[in-house]
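Next up: some structures, all given as structure tokens.
You will see two complexes here that share chain A, one where it goes with chain B and one where it goes with chain C.
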Partner chain A sequence: MTSVGMLLEVQGLEVTFPTTRGLLKAVDGVSYSIAAGQTLGVVGESGCGKSVAALAILGLLPPPGAVTAGQVLFAGADLVRLDPGALRRLRGDRLAMIFQDPLAALNPVVPIGDQVGETLVIHHQVAPSLARKEAAALLRRVGISDPDRRIAEYPHQLSGGMRQRAVIAMALACRPALLFADEPTTALDVTVQAQILDLLDGLRADTGMAMQFISHNLAVVSRLADEVVVMYAGRIVEKAPTNELFRHPAHPYTQALIDTVPVKGRRPRGSPPMKLPSIPGQVADMRTVRTGCGFAARCPQAAYDCRAAEPPLRESGKNHWVACFRAAT
Partner chain B sequence: MTRFAVTRAIEGLIVLLLMSFVVYGLIGLMPGDPIDLMIASNPKLTTADGQRLRALYGLDRPILERYLNWLTAAVQGDFGYSRAFARPVLELVGPRLVNTLVLLITALAVALIVGLGAGLYAALHPRSWIDDLIGYLSFISISTPTFWLALLLIMLFAVVLGVLPASGMPVGADTGLAERLRHLILPVATLSLASAGGYTRYMRAAMIETLGQDFIRTARSKGASEMRIVLRHGLRNALIPVITVIALDFGALFSGALITETMFAYPGMGKAIYDAIMANDFNLALVTLLFATLTTLAGNFAADLGYAWLDPRISLAAGRAGT
Partner chain C sequence: MNGAPLLSVEGLVKHFPVQRSLFRLGRGTVVRAVDGVSFELRAGETLALVGETGCGKTTVARAAAMLHRPTAGRVRFRGQDMTRLRRRGLKAARRHIGLIFQDPLSSLNPRLSVARIIAEPLVIHGIGSSRDRRERALELAAAVGIAIGDLDRHPHAFSGGQCQRIAIARALACDPALVIADEPVSSLDASIQSQVLNLMIDMKERRGLSYLFITHDIGVADAIADRVAVMYAGRIVEFGGRDEVFHHPVHPYTRALLDAVPQLGGGRGTAVSEPGEPPSATSLPSGCPYHPRCPKAQALCKEAIPELTSPGAKGATLAACHFPD
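Let's look at the complex of A and B:
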């Protein structure tokens, strides 16, 4: 299954949280890969495991969560089995991550410049004063005006959009090969969202880095991603190149997700005008032992076999993978 | 930051002024006055002599006028004579003040080092056996009364082991430093142990909470070492609430110091306050009580400065509000 030229290869990743009601498999046998310079979109509802998978890859799982199976190959090393010190040296240098809420993600009592330049101090032994200068250049690059003044300011003095730009500058300081962006625009105004997405895509094109873009918002993902992975209840239910996925969604869950995106001039299928469809029910309780497809309880097409056995991920078209018995081949 | 400090200092002075009036008024409410004591101790004095003496000392004037007279003299550095000791108040208070400050500051330093250190260690090793042990010890520290702890320490170190003096801190400059330090050990231990437990609990809680914040995860995602995460990103944020608690506790520390002084017959302000009130010594009582106020205010002022230094949101907001 190992293919040549992949920057990141996740194989059978499984993340487990012990809870009082038993083991919770937040990520259950997930496999995907990202080529250098490519953007992979990961979509799904809250709690589907998309963020946990990224945290697991970076070794940032909150205890008592742990990777219980699988491997993550990055630049020839298995990140899961790498010793913590070696993984730490990759984090912030070759692998970087942007988090959802930029205000919470920034330290309130450390000046912006020191935070943006910190990875240079940590990984490249740059003197803090020099790192601050470098931070000003990075802030200018992400479109923050008057960066020489901003480096001395604190997070609460910046606007939401500026904070997210600062967080992006911080992640890019060491020119990472792979950037994980976890809902980087969710906490922002719609107008600022578009600017940040353009900025991220532009920076990715300039630096040639690869990106794993995590979002519950399909519209946002469709703007950036070359390939999209759809996750449901800890598993991948569909995986396809972006255009293919939006043109021919094969899994009922993906179809439902696409239907929930409001599109100007398009009346959503099978629903009265002016009413946006929603997916009935909620994400399955992952602490209970599950047989069959995780989406069966909410799926309009579910039949007996869906509840009896787990549908395997199979290739339904060129590079198009789906885990559903009902999907056309 | 400077503007912030100046504003707080002025506020502190206003509080001190108000407190001086309150304390003056409260002393005025005490039963009897110095003249009553003079008459009682000298059968040759008649009531008429009493009236004459009251007029002489200005005690027949309204309290507001007396207060303003006292204040006018006080701001010029004249705090009057102590009636009971027949010496200028400042000359009397000076060395005691130094003794109390030495006790207070040493005890605070020890309590901070022990308390914050233990709290930090416990926060970084949660649910380890050392964390449990630190937890038990700090609860013992919190729930032990100062005077009882002082008695136990005296029994153990002065009576049973006989290694440390129970009392008799020498007064005067002719005693060596080592001898003074030997006399300081038990009072400082008593006072600091009583406070350290509380500091430990607050430090542990604040640090654990801080380490759960998103920006700590950000620091990890940047590849920061554990040392860097704790010292650079955690500690400063965790200290902000702890500073508040220490400032609030400062008054308790001061009153603890007075009790400790009594237990160890330590020549400080504690005994001076007691003697002054019992002897109806207005001038001495005023100065000693105002010193207690000043100490608490100084503790709060230091906390405000520490707060502003730790948290840019505070000093900057105050600076903006002022312009």
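Let's look at the complex of A and C:
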């Protein structure tokens, strides 16, 4: 993997939580990179480590979680070893983030305009009056009508979609180089989700920022991402350009996930309700110690070697990486 | 259509008063959660009620089981008008309705064993001896894929998907004719969703159930439904067979809703977004509630609320639109 022109490079990231049953490796040796202006989609089910990895990169891991190995290179610095003050100066400025629940990300007793302008005041010492003006411009940019009136309103006066737009405006205030978006549309209705996805992709194209878009929803990711990383049980099981991943999924988990998602049009017209292909078993329990491939217990192709050793991530095609002994090369 | 419908909802209205302050009910302000909904559910079919947050689909589901007393309208189940029933009559009627909710963990009593949870409806309706009930719980657990050895454990020991299996077993305990399922797979992971949907399809085939299936997920509705009702702002805007509604929608909202769903591997810009958001149920627009967002809206749409009628010769689909496609 080359490092030329990469904005973010994550190498061998490992995040551990001490538990009563021993150390839990929530993220287990994850490596990927994002180029400027690109969108990386990260998909996986609950507990696969997709959110924890992002929080670790941003230095926002809830204690007692800790990064126990690896490095995260951003703009020449290793974020893992950066002192907290320096990381704080990057966060909200060059590195921005939006999360699933916009209401939790907004202060209920501060007007929207002040919250959107706040990052400018903090990071760039902009005068509050000027920041408020800039906030109105940002709100207009994210598609909030009548922004001069909206800046005086409080979060409870906005709809869910409007709140997420306001949070996006906050994240964009300092023109970040990289935006982490963790399930930003999961709490929204599908028509509003489509608007927010259009907005995010449009902003990326206009500003040249890069994006790490985390979601459990394969279809949502496929709309935005240039490249997709599939995670299972704390590890990357497959990584490929978006079209390639959906056309030629190589890992049995990716294949099964694509087949199992109920999407409109899978059931033929005129056919009665019929069973969907499904993945047997439960989502991997990270608390149990395991050897070998995390998906082996649910995998139709698993053999002895899958349970004995962990398959390494290897290149199976051009820019197509897969961690599976059974996958064709 | 052969025979009387299993469930028939006629002119259902449910308004909730809004509390303005802690001590005073605001006069005149109501949430018009459901504003005149009528449909029939035939025995043996799955009717999916789809729509976005706040469209009233959950309120319809709850009113269909008489968990909410409707403000107006009738709910007939097996020919009996449930809105006229009081406590005892209602309890007897509800024996034939199973309920499944979105959040599997919070809908299971954390202090009861799984065997007891599954048998609870039998206890409530006084069916069988305790040994019979235990046997019935064993049989249901096996049918939904819960290991017999797990029956004496408590809900917290199970994953979300397993809890939803337990909830399905409980809903089936009294051999219901109708199961009302409110977003039963929405909180589950992708790989578990299809397991639970498959189980529901399987149970329906084996036990001759009918489902009133509430979901916001078009993909899920497409997989399981025989017929579909699309709701918007407290009303049904389109009603028809699954093929017709999902492949030849006639209401502009249905079309927008379908277009907004991202497709697997679709790539950039493949879903189309419509402007605006659903209206607040406390201040619905005049006329057709969709007119402020509708690309086809004309003067008439701002004045008159369109009735749910057959838009053309095709006949099978009903739409509430002045200018259907």
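Methods note: the second predicted complex is superposed on the first by the 309 of 329 C-alpha atoms of A that agree within 3 Å, B and C clash if a C-alpha of one lies under 4 Å from a C-alpha of the other, contacts with A are read in each partner's own complex, and residues count from 1 in each chain.
Basically, a contact is a pair of C-beta atoms (placed from the backbone, for glycine too) under 8 Å apart; a residue touches a chain by one contact, two chains touch by 3 or more.
Just so it is clear, the structure is predicted and the values come from calculations on it, not from any experiment.
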Which of chain B and chain C A:D101 touches, first, second, both or neither: first
First (chain B), second (chain C), both or neither touched by A:L197: second
Partner chain in contact with A:Q157 - chain B first, chain C second, else both or neither: first
Contacts of A:E118 with chain B and chain C, given as first, second, both or neither: first
If touched residues of chain A are counted for chain B and for chain C, the larger one: C
Chain B versus chain C as contact partner of A:F246, first or second or both or neither: second
Interface residues of chain A shared between complexes with chain B and chain C: none
Chain C-facing residues of chain A, complex: 45-46, 159-162, 189-195, 197-198, 201, 216-220, 222-224, 242-243, 245-247, 256-258, 260-267, 269-270, 272-280, 282-283, 298
Chain A-facing residues of chain B, complex: 213-215, 217-225, 228, 232-233, 236-237, 240, 310-313, 316
Contact footprint of chain B on chain A as seen in their complex: 58, 60, 88-93, 96-97, 99, 101, 104-111, 118-119, 122-123, 154, 156-157, 167, 170
Chain A-touching residues of chain C, taken from the complex the two chains share: 46, 52-53, 159, 161-162, 189-195, 197-198, 201-202, 204, 216-220, 222-226, 243, 246-247, 256-275, 277-278
